[in-house]
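Take a look at these structures.
Next, two complexes with chain A in common: one pairs it with chain B, the other with chain C.
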Partner chain A sequence: MSFTIANTIDDVLTALAAGARPIAGGTDLVVGARQGKAPLPADLVALDRVDELRTIGPEPGGGIRIGAGVTHATLVHDATVVGAATSIADASALVGSPATRHVGTLGGNVMNGSPAMDTGAPLMVLDAAAELRSLRGTRRLTMTELWTGPGSTAAEPDELCTALVLPAESDRSGSAYVRLEYRRAMEIAVVGAAAAVTLADDGTIARLAVALAAVAPTIVAVDVSAMIGHRVDDNVLAAVALAASDTATPIDDLRASADYRRHTVGVMARRAVDAAVRRAGGEPIGVPVNRSIGIGVAS
Partner chain B sequence: MSESFQLRVNDVEYPLSVDQGRNLLGVIRTEIGLTGTKEGCDDCECGACMVLIDGQPVNSCSYLAVQAQGREITTVEGLAEGDELDRLQRNLLEVGGVQCGFCTPGMLMSATALLAEHDDPSDDEIRIGLSGNLCRCTGYARIIEAVRRTADGA
Partner chain C sequence: MTSTIDATTGDTPRFVRADGPDKVTGSGRYTADLTLTGMLHAAFRYSDHSHARIVRLDTAPARDMPGVFAVLTQADVPDVHYGPSVADRTLFANDVVRYEGDVVAAVAAVTPELAAEAAAAIVVEYEPLPIVTDVEAALDPDSPLVHAGWADYRSGDVRDRNSASYSSITKGDVDAAMANADEIVRSRYVADASHGAPIEPRAVVAEWEGDHVTIWTSTQVPYDARAGVCETLQLPTNRVRIIVPHLGGGFGGKCGFHFEAHVAALARVAKRPVRLKFSRAEEFLVPDRRREGMVIELESGVMRDGTIVARRGRAILDNGAYTADAGFFPQVAAMHIAGPYAIDHVAVEAHIVYTNKQPSGSIRAPTAPQACWAAESHTDEIADRLGIDPVELRRINAVDEGRVGPSGQTYGEIGLRRCIDIAPGLVGYGDELPDDEAIGVAIGWWPSFSVPSGAIVKLDDDGYGQIVTGAQECGTGAVMTLRQLAADELGIEPERLRMVYQDTSVAPFDLGATGSQTLFNNGRAVVAAAAQVAEQLRQLAADRLEAAPDDIVLAEGAAHVAGTPDRSIAIDELARIASGGELLIGHGSGTPPAAPELSGSSCIGDNGMAAWVAPQFSCHAVRIRLDRDTGVVRVLHVGAAHDSGTIINQIGALGQVEGGVMMGIGQALTEGTRYDDEGRQRNAGLLEYKLQTCADAPPITTEFVQIATAGAGPRGAKGLAEAPNVATAAAVANAIAHLVGRPVRHLPMTAERVWTAMHRTAEQEAAS
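On to the complex of A and B.
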């Protein structure tokens, strides 16, 4: 049994190589252990004092690098994230409660691998890569490569997710994340959808990506290539909803039936595309989209 | 196996020797003996166990005590100055925002963190600030009013 408080990434990698498991805010690990889902690992290395993991900055060569230890509370307000990766701010604003957001991190959300994670669909539509480091070296995986099933990733036990790296965004781009929820706080997505769009000069869709949460063993992408070159209208939004529902392979559980999830994820996908297109066109829609378009707003 | 470390709670250092799997809530209540912080759901849902770590709200039921070393921990006992309640505590009593009282310590800690960050929060910001705290008695309106009054300088 050991508990190591790391101050540098190298401290963490050394501890992982010796068999320790990482703990950031503990909002999944400690809660899971207390619920009896999985015992607390015998050897832990704490990441919350590693300053190198808690920065947001430009990626050399273009794009944004978000340290894996950045908390949800920071992501909600960070000007770079809100400006160029708005869907991540939308998602972070919905995670847990203020207490969860102050200790929970982007890297923790990603590496916990829940198919219902809020930040996952935004990262996928923004073409993010997860940077994994170990004493053996550094590699980058796409989100599709990273998530292999519910609660599992392609990372080796000695690898630490150090950053999520986003490519540079074109002009006239926007993204959004919308989820179905039964309450405003301490909620897990019933279903969720993210969209990222780039508009051409003539206002048609030059790039579109849609990804879904809580309807498959992992976050899943929807094939929306048929929408490229079209102007966004009701027909396109209806086609997006249909494609999302067709992509979903949800389960029945105590929060929703599979049929309800399959239908509502289409509605969320449609709303996400609509909000992303409006943002791409310069319309300011506040973070999170859920509150701005009236989901869960106090009457 | 026990870990030996110190926790700083309400400006007092407490030397401890506890298992690394112990949660902060249990250590504050049973090792340190400050029982103002409550155990409600013990599952990160209700917020009765809310404490501040370096000024930020944390569910102490689901936070490892050993991870809080080197940080400033504030519990509800740290709000009053001697026998003098702080303004938020007094306003909560005066507007009737306390009924059974079980959620009150957690509400006070979340509201304290909120007011430290926003000196003039909107009602929606107050609701979001308290969104991790459940109250089954008051219906929340008077708790929100107490936070509002405190922000307004009462």
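On to the complex of A and C.
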């Protein structure tokens, strides 16, 4: 049994190679152990003092590099994220409580692999890549390649997610994440949807991506290629909702029935596209969308 | 005498709760924080089935583990059946297990982990028995019995097979009145079970010294807990001492006697102190305290002018596996499905029915939120049928001075009509609203409980003192209000008085934090005790100031002669003088107010809950917004008008109303226990059992209607802790029904249930 406090990424990789498991905020690992989901690993390496993991900056060659150790609390307010990857800020703002957001990290959310994770759908629509490092080298996986099932990823045990890398965003782009929630704090997505859009000069859709949370074994992308070239109107939004509902393969559980999830994920997708388009057009819609135009709007 | 209370507004100075800084800074000690030298840790072995006969029970594998000091089953404790309503329970499941949280055995070991391991090592073999989960089916004469030996249990309740207690209220001739009514409105509603969900899971620590045991426990009712220990372990009262450290909330969930005897028995065998500390899951699954599920059917005969002439109603309450304190629930439920209305012809009845689920027990205003939700939804259905404004319909039918309630109680001056006049306006009733918003209104009532209580008040040589009381603080505000009352009698600042409480071997009896009764009864006792000290002070001052004792006024820290403020002496000085002679000590109890007379009605299964002393009334109005695409409801504003008599501590009273309203919003929208086919809880955790959070709290505007009521407590105060939890869910329901076009007949009215109701066809609605 060991607990290693790492100061550098190399410290972490050495510990992982020796069989330790990484712990950042511990909001999944520790809570899960207390609930009896899985015992705490015998050997842990703590990531919270590794400064390199906690930076947000430009990616050489364009784009944004978000360290895996950046907390949700930072993502909600970081000017770069809010400006160019707004849907991630939307999602981080909804995670748990202030306490959870203060310690919970983007990398932890991604690598926990829950299909109900909030930041997953935004990362997918933003074409993010996960940077995985080990003593053996560095590789990048798309989000689709990374998530292989509920709670599982393609990462090897000795690999650490060091960053999420986003490509450069075109002008007239916007993104948004909306989720169905039954209360306004300490909540988990019943269903969620993210959208990222780039508008052409004539106002038609040049690029659109939609992804869904909590309606399939992993975060899933919706095929919305048919919308390209169209101007966003009620018909397009209805088609997005239909495509999202058709893509979903939800289950019945305590939080909702499959039928209700299938319906509401369409509603969320429609709202996410609507908000993303409005943001792309320069309309300032506050973070998170859920508190601005979505579910449970402020009184 | 000056007062800390402004008699016209009820405004009081905002002084800090005595337990506030401890709790807010984290320095306060709760039961689970106690550690005694040599202390062991307890773990329970729970039933592996919802209903089964134990055919083999072998504790040897646990006993043989190094570090295990005690392993107990029913064979190791006195053979006593207990239960405040029906003696249907033993400390450990004996022969038969009846719900998933039934305790089969208990272990004390050197670490919590070892105790859990040892409990799991106990071998139990079962023969499964048929599982009863549906309350309506359980009343079928052919239903399997949860308690085969029910007829032999000691009880004063009206019982039959799975019906653990029955009560009815009959007034007038319902059949004839229904026959002559212009319209008959029929409704059926189903409420899921819910939980009090205190933030502190319970803990118990027990330590023996010779043949005396001290038990620290997170209970709302220390004297009740003591009685339970004495009954089940066959000990005289004088050998058991119960102490309650800070209590992390209760909401009724910590009323009653729970696991104090199990831990005391373990500590006796182990010859070491033992601590039991529940996990959050155990707090959900095990105690005999959940808010019971309920099926309610209502039928009203109404006239076109809005008069409700007849009410027939039936409520079936889910008792769970044992009766706990729920024997009186049917009568309270019957009162609530009849409602605070002057209906001439009433026939209502209620059963509480055994099932193989967690036992039900008093959770804040037991039975009322669900029964009021059904009855007040029904009231709006009547208004809708008659085309009468729902607020006006309530004005037409509500009980009022000189009118007779369902149980034959005739009221003096009460504040219900004024509550109905006030609350809707607090949230803009009648204003034009956006088409996704609506306002719902509901009225509620709740009794004050008149019971014995005692207190001691003393002043020390420095003019500071203590209130020694059996009162219990779980959020009641006793830490503030009792000090105000005593301080006013003595003419000193409330901050000069400390509370010495929550210890059964120190203070006189009090019922505890239950039944909204602390101020009502213990307040009376504290005033009586303080009055004795005040009389001593007046006598001392009279001697020094050469005046008659009756002319001495105690105010602002001094005794002075009435009309001559210059002739005064400091109370500090009087206290110093007394410390050299007859000490300043008072004791009090006072006489509990008598129950009102009833006439014109009859009750079967009368538990004394039909004659309400100093009844409290309320009207809640709730403005909501509905997200029509998802069924998600958000409460935007709540207006609450309450007649709870005189408000002695405004800040504490507002806290009670706001907390009760938030609990009601949770019950309305998100809080419901889900069961599998075998009666096991599926959402026994705070992620899936969705309490409301601070972020969900809407503005809550409260007004108190303060009028004199016969039989009220000190200075005209009535209870207030439970009343605010009665009508909120009903008001939310009526707002939802306005937007959906029909009631959502299943509580909680979750987003999915609202959405489903919105898309239900007329045929489906007719069939429901």
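By our rule, the second predicted complex is superposed on the first by the 295 of 299 C-alpha atoms of A that agree within 3 Å, B and C clash if a C-alpha of one lies under 4 Å from a C-alpha of the other, contacts with A are read in each partner's own complex, and residues count from 1 in each chain.
Convention: a residue touches a chain if its C-beta (ideal position, glycine included) is under 8 Å from a C-beta of that chain, and two chains touch if they have at least 3 such contacts.
Source: prediction; values computed, not measured.
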{"item": "Simultaneous placement of chain C and chain B on chain A, clash or fit", "value": "clash"}
{"item": "First, second, both or neither for A:Q35, with chain B first and chain C second", "value": "both"}
{"item": "Chain A: partner with more touched residues, chain B or chain C", "value": "B"}
{"item": "First, second, both or neither for A:L44, with chain B first and chain C second", "value": "first"}
{"item": "A:R184 touches, of chain B and chain C: first, second, both or neither?", "value": "both"}
{"item": "Segment of chain C intruding into chain B (one of 2-10, 20-28, 308-316 or 488-496)", "value": "20-28"}
{"item": "Footprint overlap on chain A, where chain B in one structure and chain C in the other make contact", "value": "35, 97, 184-186"}
{"item": "Residues of chain B defined as touching chain A within the complex", "value": "1, 3, 20-21, 23, 42-45, 47, 50, 56-59, 61-64, 66-67, 69-70, 110, 113-114, 124, 127-129, 131-133"}
{"item": "Residue numbers on chain A that touch chain C, as the complex places them", "value": "35, 97, 180-188, 254-257, 260, 263-264, 267, 295-297, 299"}
{"item": "Complex contact set, residues of chain A against chain B", "value": "1-3, 5, 23, 26-27, 30-31, 33-35, 40, 44, 46, 48-49, 73, 96-100, 102-103, 184-186, 298"}
{"item": "Complex interface listing, chain C residues touching chain A", "value": "281, 625, 627, 629-630, 632, 634, 636-637, 669-670, 674, 682-683, 685-688, 690-696, 698-699, 750-752, 755-756"}
